[in-house]
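Mind looking over this structure? Questions follow.
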């Protein structure tokens, strides 16, 4: 329409000459990407995120991890609308302090999982646009993974892939960790080394196909001895 | 929801060493309601050439029939069989002829060419071709398929390895898609034979 | 509008209400009005350099040609603003008052860049939650415990820190220039850019913005936030001329 002209009442109307203000529509949400993988096993849990923060085709920064250590036995991975991630994680930190002062102990992974669910549902009609995954240790010291939808539906799993590469990664975890569709299943229990290797492999795969995933991976390994961190490079184009 | 996802379904193709494979699910549905469990999305074009057409089921069949017409005419006129590359060009032409009212399909072609070299190609719904050197995936769970293929594919797989890779990719991908699955069909194409296997999968 | 008045004149309804009960619709900012374009900022060897041009655009009209878009908050903190200039001035007034209040306590403390960045994050996020955003993107530069701090916040409250921050068209045009300069120096000599080199890069970036961004102008300011304890400064405005030697080809 930019160059077309319309004639009415013998007056030329140029459609490209401002016939009124151009309206911007304000959207409170944006997708800043980010992918999370969490795996629980006997005596350990690992959770990993990529380190790329994006906006559309732009890369804001290549060094923004999306893991938030909550306690010595639980780490939250959160990605999606980054401003909601920031607000939600701060609120969680505050709620955890209140809990600690009231009960004289850290929140358990199960308590955190329930709290996050109610916090998300509290914003049911203006949701936090965040994909959350909590990895931690249960009362017996074994790995657990809790995954959420943006409005607080909570699911307890042994493994989960969330965020922008969730669809690419989840079937891989089904196959490699969940041992789905296998005629002969390995009997040995999952080890930290194996879980780490799979995590690195799946992120490398996702970085090939998901433009919002790349630059690097931060992995946190949760055991009864505390939380250990590893980093791993991804393609950064 | 997109019209491309009205019936559901997915197709994947992979190159191996002197062999290619193509596989699809067998579901036919209308949105979330499953109607049939033996719906073909892969069609034989020549003895060593197959095309997979995921997308809107009516267009799957129409595009197949139109391609059948065009390949028949080609073989009568030229007195030689279509090669995978020629088939790709013909599909691209057919799709682009409908540039402003497209068939809602995203076909893929796999086959062995005249020298029995593996060939694969993939198209968008208006005929943009791509000829990758590893694998092709299309359909309602293409994200899942890309994730699987990216991890499972490796160069120079033999027919058995290729069958395993393509099957695992398809089945695990379909299990994470509500509108794909309900059985799968895998074709492994070698220079002297084509092996067709029907896979049993989760039926939910 | 309707010269007959009466029946279809909706505003007569509003004025017929008693004064106290006049109900106006709640209005929200839906679009920026007078706007500033890109901000460019990055770390160099001895601190942070930040630059912005001085144009206040009114749509496509270059309406205000000498408005400062950099604000010195205190000796250790400078902010730059892209987006709606009125929203910037609104926050500027609040921030300056906060600094006065802080100075009155005379306890030797001053707002750090990190805390101002965090504060802006909350202000902008709360406004976006009310669907009444401050249509701005801020770059906060300063020192946090003598270490350079460079942060970004947009109208939603999206925030991050990075050694190189550019907004708007500069993120597409200037970032590659800056990254190349920083990475080349690091590769060749394993050193960061000196102030002189950083200034050259930022001036090249501003020239590029002047050439290619239709909402940029050639009058600009540079802010220097040194990490050696000296006070940060916003330099006097400068004007760049650019290279128009190709102009003879245009008739």
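Structural remarks
Letters are used for the chains, namely A, B and C, taken in the order the chains are written, and counting of residues starts over at 1 for each.
The rule is short, and it goes like this: contacts are C-beta pairs under 8 Å (C-beta built on N, C-alpha and C of every residue); 3 or more make two chains touch, one makes a residue touch a chain.
From a predicted model like this one, the values you see are computed outputs, not experimental measurements.
Within the contact network of the assembly, the step distance from chain B to chain C comes to 2.
Chain centroids computed from C-alpha atoms place A closest to the centre of all protein C-alpha atoms shown. Of all chains, the one whose Cα centroid sits at the greatest distance from that of chain B is C. Centroids of chain B and chain C (each the mean of its C-alpha atoms) stand 51 Å apart. Taking each chain's centre as the average of its CA atoms, chain A and chain C sit 30 Å apart.
For this pair, chain A with chain B, the centres built from the Cα atoms lie 32 Å apart. Contact residues on chain C toward chain A in their complex (touch as defined above): 28-32, 59, 121, 125, 128-129, 131, 133, 152, 154, 156-162, 171-172.
On chain A, the positions that touch chain C within their shared complex are 18, 21-26, 28-30, 32, 53, 55, 58, 60-61, 63-64, 81-83, 86-87, 126.
Every residue of chain B that touches chain A in the complex is listed here, in rising order: 141, 143-144, 146-148, 150-151, 168, 171-173, 175-176, 201. The residues of chain A lying in touch with chain B in their complex are 165, 167-172, 174-175, 180-181, 201-202, 205-206, 208-209.
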